[in-house]
Structure formats: C-alpha cells, structure tokens
Amino acid sequence: MTARSIAMTIDQVAVRFGGLVAISDMSFEVGEGEIVSLIGPNGAGKTTAFNVMTGFLTPSAGRVTYRNTALAGLKPHEIADLGLIRTFQRTSVFPNDTVYDNLLIGLHRQGRVRLLDAILGLPSARASERKLRQRAGELLEWVGLERRAHDAAGSLSYGEQRLVGVALALAAEPSMLLLDEPVSGMNASETHRFVELIRGIRDRGITILLVEHDMPMVMTVSDRIVVLNYGRIIAEGTPDVIRNDPAVIEAYLGHGAGRA
Amino acid sequence: QTIKIGVNEPLTGAFAASGTYVVNGAKIAADEINAKGGILGKKIELVIEDNKSNPTEAAAVAEKLITSDKVPVLMGAWGSSLTLAVMPKLMEYETPMVVETSSSGKITTTGNPFIFRISPPSAIEAAAFKNIVDKLALKKVDFLVINNDWGRGTAEDFSKMMKDKGIGIGLVETMDQGAQDMSAQLSKIKSSDSETVIVTTAVDQLTLIFKQAAALGLKKRIITTGGSQNPDQIIAQAGAAANGTMHLTTFLPWFPDKTPNPEATNYFIAEWKKRGFDFAGCTESFRGYDGIRTVAAAIEKAGKAEPAAIKAALWNINIKGLNGDIVFRKSGPEGKESGQSQPNVYLIEIADGKIEMKTL
Amino acid sequence: MLEIRDMVCGYGGVTALRGISLDVKAGQLVALIGANGAGKSTTLRAISGLVPPRSGQMKFEGIDITGAKPPRVLASGIAHCPEGRRVFPHMSVEENLDMGAYLRRGSGEIAADRDRIYTEFPRLAERRRQAAGTLSGGEQQMLAIGRALMSRPRLIMFDEPSLGLAPNIVERTFAIIRGIRDAGTTVLLVEQNAFAALEMCDHAYLLENGRIVLSGAGSELIANEHVRKAYLGG
Amino acid sequence: MKTIVTILAVAALASVPLWLRDPYLLNALITTGIFVIGAMSLNLLLGFTGQLSLGHIAFFGIGAYVSALTSLGFDIGLPGGFRLVHTPWPPIVGFVLAILIAGLCGYFVGLLSFRVRGAYFVIVTISFAEVVRLVALNWVELTQGPLALTNIPSVALPLPGFGELTLRTKFHNYYLVLVVALIAYLLIARLVHSHFGRSMRGLMENETLAVSVGIDVTRTLTIAAVISAAIAGAAGSLYAHYIRIIDPEVFAFINTVTMVIMVISGGKGSLAGPVVGGLIFGLLPVALRPVMAPEAQWIAYGGVLIAILFVLPRGIVPSLAQRLTRRRRGTTALAPVVLGETGAKEPA
Amino acid sequence: MSEFLQHLINMLVLGGTYALLGIGLTLIFGIMNVVNFTHGVLYTFGAYIMFIVVQQFGLNFFLALPVAVLAGWLLGAAIELTLLRPLRGSDIDTTMLVMIGAWIAMQSGTLWIWGGVAKSVATPFPEAPLVLGPVSVSWLRLFVLAAAAMLILVTYLLINKTSLGRAMRATFQDHDTASLMGVNVDMIYTSTFAIGSSLAAAAGALLGPVYVIFPQMGDLAAVKAFAIVILGGLGNITGAVIGGFILALAEELGAGYVSSGYRDAMGFLIIIAVLIFRPTGLFARAERVG
C-alpha cells in the first residue's frame, strides 16, 4: 500500500451542526487507484465526509488534500474540475431532461468551448458537440439504459435513476470517484454486474472511495475499509480484518452479517 | 355627421377616479352644446378613450384618436406624464390639444405649439398666492409634496416666491404617489420650527395626511395647493381632522355667485347633481366642462373642424370659463409657443366641517 | 384479505402494469420481487390510490377500493411506507411520527406507540427535535418505517424498507416486520434484498415487465433457477 | 419543419408595413415588438435558468435612460464641486451604451443571484427595480426626475457615403424593432442550444447535481443575467427613441408583469413562446378597446389570461407542440409525471 | 429626541401593520408555494366589506370585522376551488400567472363596482390621539396593533401547534406522502388558501379604516407583504413579524433622517442587504445536501 502514491488525504477533519458532532477528528488516506470503502452505522458521518471532500460543506476543523491541492475554500464545481466527482445517496438526476440529455449535461467538463464560438456556431464548437454525443451514447450503453435514452429521467424507476446518477458521475471524467451507496435499490444480481463495472473503472486508473451498506459487495470489492461510528474512525484495514473486528461487529455488522 | 373631439383620460389605473370626473364634466358640456344645436350646424361627438394612467397607452390612444377616429382636436390627458407622452404625437400629426389638468411647467415650455392649457402650472398658482401671503403673516414654511412633477414643481415655485418675500423655507418632504403612511414625514415636520406646512397632492393622500397629522398631534397651519383637493370629500372622510386647513383652489362650487361666470356655474352644478354625481367631484370635473367648451369655441371660431384652423382659432378665443376668462397667452420658446390661460385662484378654509371663503 | 384482479396502470403514455392479479391473505407476509423498473412500486402505489388504475379491480376485506383516494384506503386499514423515504423534510422527527398517526384519536396510545418506535430505533430518539430533512439517509429510512407503523393498519405495505440501512438495522427491521406479521398484521413487502424477503415470506410474487410471471411459497422461488440467476446473484 | 415555420413567420411579420397602413395599429405593433424583445430577454432567465426576475423592467428602464441621456446630454454636479458635462451624442451610440450599461447592471444582479435563488431572487430583483426607480425619480439633476426627459431624438443610422437615415416614421421604426428582435432571437437560440444552454438547464433542474459535475453556478447565471439585461437594455433604448419621452413611470411594476405574462402564457423555456405570448397580450388590448368599457377590458384581459392557462397550462407554444407530437406519435409524449415532491421545489 | 421617540412609536404601529400584511401571505406563499398575486385584492376586498357593512348597512364596527374575515374566507375558498384546483400539479409559474390574471380582473371589477373614488369608514375610536409626553398615537392604530398581535398569535398556534397546521405543512412539503398519512389533501389546499385569504381580508378590514379605501390599495400592501415574508424566511411566522418591524424601522428612520424621497428605497436596500448576508431570509430552514 505504501508503494502507491497518495490521492487524497483527510486530516483531522471535524464537522459540527450546531451542537451536534457529525464527524470528529477524522484522518485517513486514499492511494491512487485504490478502492477504499467507508462504512459505519446510519448517521455515522459518511455522507457528511463526502460533502466535506467535495466542497459542499466547510469542515469545522481539519483539511482535505487531493493530489497535493488543498481543497479548503474551493467551490464544489472547482473541486469537480480537479477530477473529484461524487454521486448522491438520494436519487439525483435532471428530472425533466431525457436520460441522453442528462448525460450531455454531465459531460460538461469535456464540452467546454468558448461562449462566442458556441454563439457563432464555429466549427470547433460543432466538432466538440459531435464528440459529446458519441460519448453520451457510449455511457448509456455502458450502464445498460439504451432503451430509456429518450425518456425523461424523472420518469424512471428508483433503481434506474440510481444508474443514471452513476453514469452522470462517469460522464464527468473523474480521476477519483466517490460513490454514496451506489447499489442500494439493486438486487443481488444487479449488484454483481455493478461490481464488474466498478472493477472496470478502477482498471482505467480511477481511484474509488465507496460508501455502501451492502457488506458482501464491500467485502469483495474493497482493497481497504475504514469504519466510522459516531463520527470517529473505529477501525481500518483489509476486508478480512474488518469482518472479524469485534467493535465493528458490535456497532455495525450485527451477528448475521454474512447474509445481509 | 358630427364633429369629433378626442378625449384622452385615465379611466382605469391610479387616476381612474379623477379621469372619470373630468370625462363626466366633459359630457355635460357636450350635451349642453348639442342641446343648443351644436356648432357649425353639426352635433359634437366626444370620442372618449381610456389611457389607463399609463404614458405609453396615452401616446397610443392619441395616435388612435387622431388617425383612426380622425378627430381634429383633443382634450387630455389629466396627469403631466400622460400629457408629456402625448405631446410628440401632437407634433407628428399637427393636431392641437387642450390640456385641462396637468400642471407640469414643462408642458408649455418645451416648444410644442399644439398645446393649449387651461389649468394653472404651479408658477401661476404661486403668483396668485403672492397677494395672500402677507395677510397670512407667514414666517417659515415646510413643504410636504407628492414626489412627481406636480409636487416638486409646487415646492420649487412656491419657495422661490416666498423667498422673495422674505419668508423662511424649512423642510421639503416628499411622498410617493401611492404611499399611505406619511407618519414619518409628518413626525419630522412636527418637530421643525416652521408654523405652516404647504401640502400638495391629490385628495386621497390629503385625507390621510390630515388624519395622520391629527393622530400625531401636529398643530401647524396646513395650506394645500394644486386644485385636486375635492374639499367636500376631505370633510366627509377626514372629519374633524380637516378643520382649520386652508386650500388654494381654482373653482368655487360652494359660492357660485363669487365665480366669474355665476350663470354657467349654476347650470353646471345643477346638471352635475341631476346626473347623480357626487358633489365632491365638481372641483375636478369642471375642468372637463371648461375644456370641451374651449374646444367648441375654437371650432366655432375656426369655421371648420380641421386641426390647423382649430389651432389658429384657439389663439383667438375668449370665453368665460367657470373660473375665469379662458384666453391663451404665449409661453415657451419663440416661434413654437404653447398657449397658457390664466385661471383664478382662491383660498378657502374648512371650519367646523364647512367651507368658508377666506376673505383677506 | 386483499384481492387484485387484472389491474392495468401507468403514467401518461407509459403502461407500467399490464394486468396484475394477486392475493394477500390475512395474517400473511407476502413478498413482491422484481428487477428495476418491473413495476413493484407502481403496484403498491396503485393499491394505496396514488396512481389510479386504468382497469382492473381491487378489493380489501371484500370492499371495493378500486380508484379510492389514499386517505380512504388508509382509513380502510392499508398503510403504505413509500419508496425513497419521503419524510417531511421541514418537520421534526417527532412531528413526522405524529403525521403517521394522523387519522388516529387518543393521544395516550399514540404516545405509547411513539415510545415503542423510539425503543426500536434509538437513533430517532436522539434526533427527536431535528428537522427530518437533515437526517442521514438511513435515519430517514428508519423514520419512514416508524411513521408507517404509527398508523396501526391491518395491512402494511413496505417499499424496500432495508434501503440504505446498516446491516444490523436491516436485521432489526426484518425482525420488526416478522414481528408485526406474527402479531396479526398482514404485510406486503417489496424488497431488493430478495433472498431475505423470500426467506421470511409466506408467499411471493415475481414481477417482470409489468406482469406477474411467477408465484409461490418463498422457498419455491428461492429454488427456482431463473430467480436464482436473475435476482439472487447466484 | 421548424425552420420553415420560422421563416414563414418572419416573412409574414416583415410584410406587415407593406399592407398595413393604419398608424395606430403599426404603433401598437411597434410597442408590442419592443416589449416582446424585453420578454425574450426575461425568458432567457426564467425559462432557461429558472430564475424569475420580477424587476426586469429595471434593465429596460436603465437602457432607456442611458440611451436618452446619451443623446440629450446632461450637466451634473459631482462631489467636490466638479461638474460632469456631457454633450449629446448620436442615438446609435446611445443604443450601444444602453446595451453595455444594462448588461453591466445585469452583471451585478447576476452576482447577487449567485447567493439568492427562487423567491429570494424574485424579491431582490423587485427591490433592485424599485431602488432604480427611486433614483430616477429623485436624482433630478441627471434624470429630470418626474419632469421626464423629453424631445428624445429618433434613431439615425449612419449610412456611409449617404449621410444618415433618421428613423422617424413608423415604417422605419417597425423594421428597426423587427431587426433587433430577430438578432435577439437568434442570439438566445444559439445560446440555449449550445453547451452553455445545457449548463443553464442543468442548474435549473438540479443545482446540487449540476455543481457536482463541474458546472459553475456563478459564471453561468451571471452570463445569463448579463445577456438578458443587455437585451432588455436594447429594448429600452428602442422604447426611448420611439416614444421620445421617458419618466420614472417606465419602471412601473405593471410593465414587468406585462413581460411575465408574455413569457409564461407563450411558454417559458421555448424560444417562440414570448413572441407568441407577446403578440397576443400586446395586441389584445387593441382588440378589446373598441368592444367594451375600460374596466371590462381589463377583466377580459385577465379572463383571457386565465383561460389560456386552463387550456394550455404549460404555455401556448409548449402545450401545442406537445399535442402535435402526441398526435403524430399516437401516444402521449413522455413527460414525467413527477409524483409528490412539491415541497422540494422553491417557489419562484 | 422627541422626534426620535415619535419615530419609534410610528415604527411600532407601522411594524404591526406590516406583520399583519405578512402573515396571510406566509401561509399561501410561504407554506403553499403559490405566488399569490391576489393577496392585495383580498386585502382590498376586506376593506370594502368593512365599508359596505359599516357605512352602507350601518352595522357596528366590531361586528363588521368578523363579517369581513368570513367573506375573505369564502372568496379565498372560491378562488382555490375554481382557479387553483384545476391546475394542481402545474408549474409554480403557471399558477402565478393565473393569480396575476385574477388580480387584474378582480381589481378592475372593484373599480367597476365601486368606482375609483376613495371611501372611508367611520370608527368608534376617539379622534383625539393618546398623548404620552412628547409622542402621540391614535387609538384606532393601537387597536389595530392589538388585533394584529392576536391574529398573529392565533395563526402561529394554528400552524405550529395543531394537527391541522401539521397536516398543512406536511401537505405542501410532499402532498402524495401526506395523502398516504390520511390527509385529505384537497381539503387542506382549499382551507389553507381560504385561511390565508381571510387573514388578508382581516388586514384590509383593520387597515381600511386607518387609511382610505380604493381599488388599488392592495398593490402596495402586497409588494410589502411579499418583501416581509421573504425577509423573514418562507413560511416562518415569527420571521414575518420580525421582518415587518425591520421594514418599518428602515422606512421610518429612512424618511426621518435620510430623505423622504428615498423612504421606500431604504426598505428595499435593507432587503437586498439582508439577503446578501442571509440568502434565505432571516430565519433560514436547515437544509442538507447528499
């Protein structure tokens, strides 16, 4: 693990909402190309941690560094520009646009052309447009939603919308992907397929930080697991270590974990 | 076969009440003229259009009256901003308009030779007031005026006149046209060292000001100007709060005998009442009546209902209006003067809910 | 207890259910499984009256409830814990729970039920006064389950109740569901955690593309080759 | 299909002064056209970024005042005893300055909109318009306040080699307005169909998500606000030189309401919407005027507005387009039937 | 000093007025999400009902108040049933435009029926003000202040402490889920709009006699009401009350010590300033992302 270069450093981060401590003194690292899972009971602070890493929340203390850039003070879209892209725990799509147009919007980072070129319809703008359309088609195929390409994203079922959410994140060309419960709402077979997808993403060199309650999935896919409870890290290690950690079992896994 | 006269007045929007009064006065004049056989052997026909209290509409209405209805002359448009918006159209189509209410000085000074105004701009009002000031023994005055050309013009012209007379000028406070709560301005005036307040605005705001001044215990002499006071309405609505207030007005429906043309005044008031209108509206509607009579006299004099002839004839009429002789004098840049008539101005006082002529 | 016959249902130009018939017997726990977009949620919405059926018939305890509005369906004894949490974001946890008991009278009993839910999900008790919209995803899910329980129905429908819950809470939730079935309340359960659902149910239906393609005891479905491959990841 | 309709519509509009001789109707068309340009600019904000500006008339009015003052000149005192004297420039310069300065104001309001959205943005824009109105009313030295700026010259187009063409007649002004409207239309069309337009849509539908894929809210909204304000400023300039007098009444709330009516009734977020809605509600008063009492005209105006929305709730153009496609496809178009979630949306 | 005290007293009575204007709109705009352009018309309506009942039927002032409130309730219910219910589920801008249409039509209807001439209503309060040292205040306005305080309290309790109020809030946060809880959503829509309308009418009935009554009187009132509701944070009654007093303070001191020409500008500048520092009003709701 030490051989890898470090992608992200979370250093003594704390988050408070009024009197409520959501995260206290959280520090860990994610290496380049690694798949790390962040798990813990409901309300442990996992999504809050994502919010800090992507600039949606300013931490009460501590700092986050991504590829040697301190994220403090950066706006979410600036962080996205560094290649740090997330998905959301709740379904999140552009509901009134078609699935295809959703992906085109998601391709924002690739499609940037000068405003004037776009208004004047210059060839460079048109070429860029063609490229985007092709890429959107590829992504659709990749998540298996070709059939729904021209339906409004808001009319998809819950599970389908979650897939659109992941495709949108990929459209943004991440160098590191933060996935917040990507397989919730998918059944075991669908989850299997998704695990393959994630491995594919990692093989393209993209670092992944995963939040998920689906233990079989987490255990198969993770290189390393960080466990949070009440905003504190209570354990960290490989899946095998975590699986058998009594504190983790007590606080989180429960005793029927194997099945859940 | 009729002779058409265009009437461009606000019948909806903020000035609807006043515009409607003016139109009703105009109708009395038209009916009277027609009952006597019309002019040049034809009946006159008022083509009345609503300018919606909106300048853009006022201009559009003028365009319609002139080009679609083919009226050779107009009367309008109550508010100064409405009249100002109409003025380029008058130039464009070379059609004269009798201005019955607007008081902005600018109307007759920008060089529009198609304008003939029978209402007094504030400078004329101030000049008329000049003779009265000494007798009132004014020392220092504050102003509370509506924040438009009318109010600001009054504050300016009256201040100038009074400064010349050695009277001190204190605060000049303004209020927005739609404002309903003037307590802040009145509180400020209450603590100033002036003994008199000159107030210029329309009847509704006057009512509010009197009530609010009473509630604040403001005990200064209040003199209103501008000719849109409808004192009867003030008495009815402000009650005791109106007692002791003085008003510069241009028409005396309460004392027909003291008006320059008692016969006409009596006729007008009788007709007004017969039609079931509110007596309070007389002070507003008489201008519509005078305006139409002015137009009719000019057409008669012109001998034909054509814009150029009417415009020329307007310079030569001399009729007895309800508040003085209507004779147009030149005003504005040479060569393109507008016409301005000089109506009378009176001071009345409200005492014990009655209107009294202030004899000084 | 609940009988559905040939129900067809959809949104605008889309037909989501193409003629569904199913029965839920009193006191049973019935599971409904299927892929994303199969029409599971739509089935529950149709029963509770959120989506009006285009044709077909629904009867609950012998009374026709086809086309009835949600309040009437609830009043007749069917509660629906909707997909995706759907808590009232600007209301406190406690107020959300009270909304669950909206049609009930008798504040004492309601308070007792509320306390029971707080014991089941201590997290909620800690967050009593917090605006529900600021809860974490799993906390909201607990709240949604608790809120549905507050109405004390005779038939309760859960749409993916385990969604976003930590494994130990999932266990507890399933225990609660089995518990209410054992206490006599009928349950209709939609779950992506198909294995767990099939294991604990009395009867199960498999929905594909808006049609019921298979039904039987949970163990039968578990044993079915197609189900294993498509839904159980095996 | 769409282009054919557009070309036919433009041709029809261009032919009007050739056969319509009634100056009153031409006048109505010209003022309507000016307000349609304003409505198109409002649509850029409301229809494509979801931000409702209920103070849009501020940009229009600023354009009108800038243009009028540029061509009339002014002489004002500055703090410290200095005077700023401006001698009149040609109206065409005023037109350009109106666009620039209105755009600049749009920039500041756009910056604000980075912080406030939805209802809060609405009230900020209303407040902005009111403050601007009060400045126009009270800064008498510059704006003449309520005394109005009068005798504003007509636009004159420099024709190299021929001197210049003063657009005084209705005929000229009609084409001037039509050309400016066409340019504004094309500009907006290009903008919203570009990559940039997609960013605006993304922000409108789900801001959090849009930001998370790298869309810059401030930049996007600011650019939209600048362009929208600049177009409104252009319309204001046309207004000033056509009506030839302007006073603080131009900032009246009802003028913004008129634009809002044009946009939403025609169909916000559709390019043709404000044009269709604008022509209907610009000309409806003209049609009503001869047939009923003044108060009744307003009642009918409100009634027509309500009736249109009852029949075509998404606005004329989108609702009709939807019906057409439905008929062609034989099914309903796939509009999402979004269940619940009413509370999730901020009021605008 | 005495001038300053008088300004403070004025601010108090004016602030009460503004709070009263705000609360009805908090329900319809803040909670129900309808950009209610008819709020001003309902205010006007309440004032005219007062005029009719007191001046034309000669009824007692205090009896007329509940009549006006009831009439506002009925008119509000009628508007909801005929204009809003058919468009349920439409875009917020569509309903706003329908409300604009209703505003234009109803205001012109008022002009048609009663004409443009302002009316006033006689009240049983003494004309002489209550004088306290250097400051005075009218009895009528004190009564209005007290009545406003009472209406605000009742509304506050209704929204925050009753099961109806809870159902109202729930419905407009998520009406499908509310209906799953057994809430009769249609009834809630109608009654919320009707209650908000009756509060607008109550404001008009109380303030009509303070000011004068004319067809456009509601326009300015509505603009201020919108500003107040937003200043205080949508749907927040306490916020609306505080917003009302802040606006009154800004106007009063602006007119008293800056320039009366910029009196209203002060209010609007305060609004802009507040929203720059607190973009979702003085009392923002807690939100989260993710």
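Per-chain residue numbering starts at 1, and chain names A, B, C, D and E are given in the order in which the chains are listed.
Everything that follows uses one rule, which is that contacts are C-beta pairs under 8 Å (C-beta built on N, C-alpha and C of every residue); 3 or more make two chains touch, one makes a residue touch a chain.
Labels paired with UniProt names: A, C = Branched-chain amino acid transport system ATP-binding protein; D = Branched-chain amino acid transport system permease protein; E = Amino acid/amide ABC transporter membrane protein 1, HAAT family.
Note that this is a predicted model, so its numbers are computed, not measured.
Counting steps between touching chains, the shortest path from subunit D to subunit E takes 1.
Chain centres computed from CA atoms place C at the largest separation from subunit D.
Annotation: 42 Å between the Cα-based centres of subunit C and subunit E.
Centre-to-centre spacing of subunit A and subunit E amounts to 46 Å, using the average Cα coordinate of each chain. Between the CA-based centres of subunit C and subunit D the separation comes to 50 Å, rounded to the whole angstrom. Separating the centre of subunit B from that of subunit C, both taken as means of CA atoms, is a distance of 75 Å.
Chain contacts: subunit E has residues 108, 111, 173-174, 176-177, 219, 261, 264, 286, 288-289 touching two or more partner chains. Multi-chain contact residues of subunit D (touching two or more other chains): 137-138, 208, 295, 297-298, 334-337, 339-340, 343-344.
Multi-chain contact residues of subunit C (touching two or more other chains) are listed as 11-12, 14, 50, 86, 88-90, 134. Taken together, the subunit C residues at the contact with subunit A in this complex read 11-12, 14, 33, 35-38, 41, 83-84, 123, 127, 130, 134-139, 141-142, 160, 163-172, 192-196, 229-234.
Of all residues in subunit D, those touching subunit A in their complex are 187, 190-191, 194-196, 198-199, 201-202, 205-206, 208-217, 223, 334-338.
Within the complex formed with subunit B, the subunit E residues making contact are 2-3, 6-7, 10, 13-14, 17, 108, 111, 115-120, 122, 127-129, 131, 136-138, 141, 211-212, 214-217, 219-220, 251-252, 254-256, 260-261, 263-264. Partner subunit D is touched in their complex by these residues of subunit A: 54, 56, 75-78, 80-81, 85-86, 88, 92-97, 101, 104-106, 108-109, 111-113, 115, 118-121, 125, 128-129, 132, 150-155, 165, 168-169, 171-172.
Those residues of subunit E that touch subunit C in the shared complex are 163, 166-167, 169-170, 173-174, 176-185, 235, 285-288.
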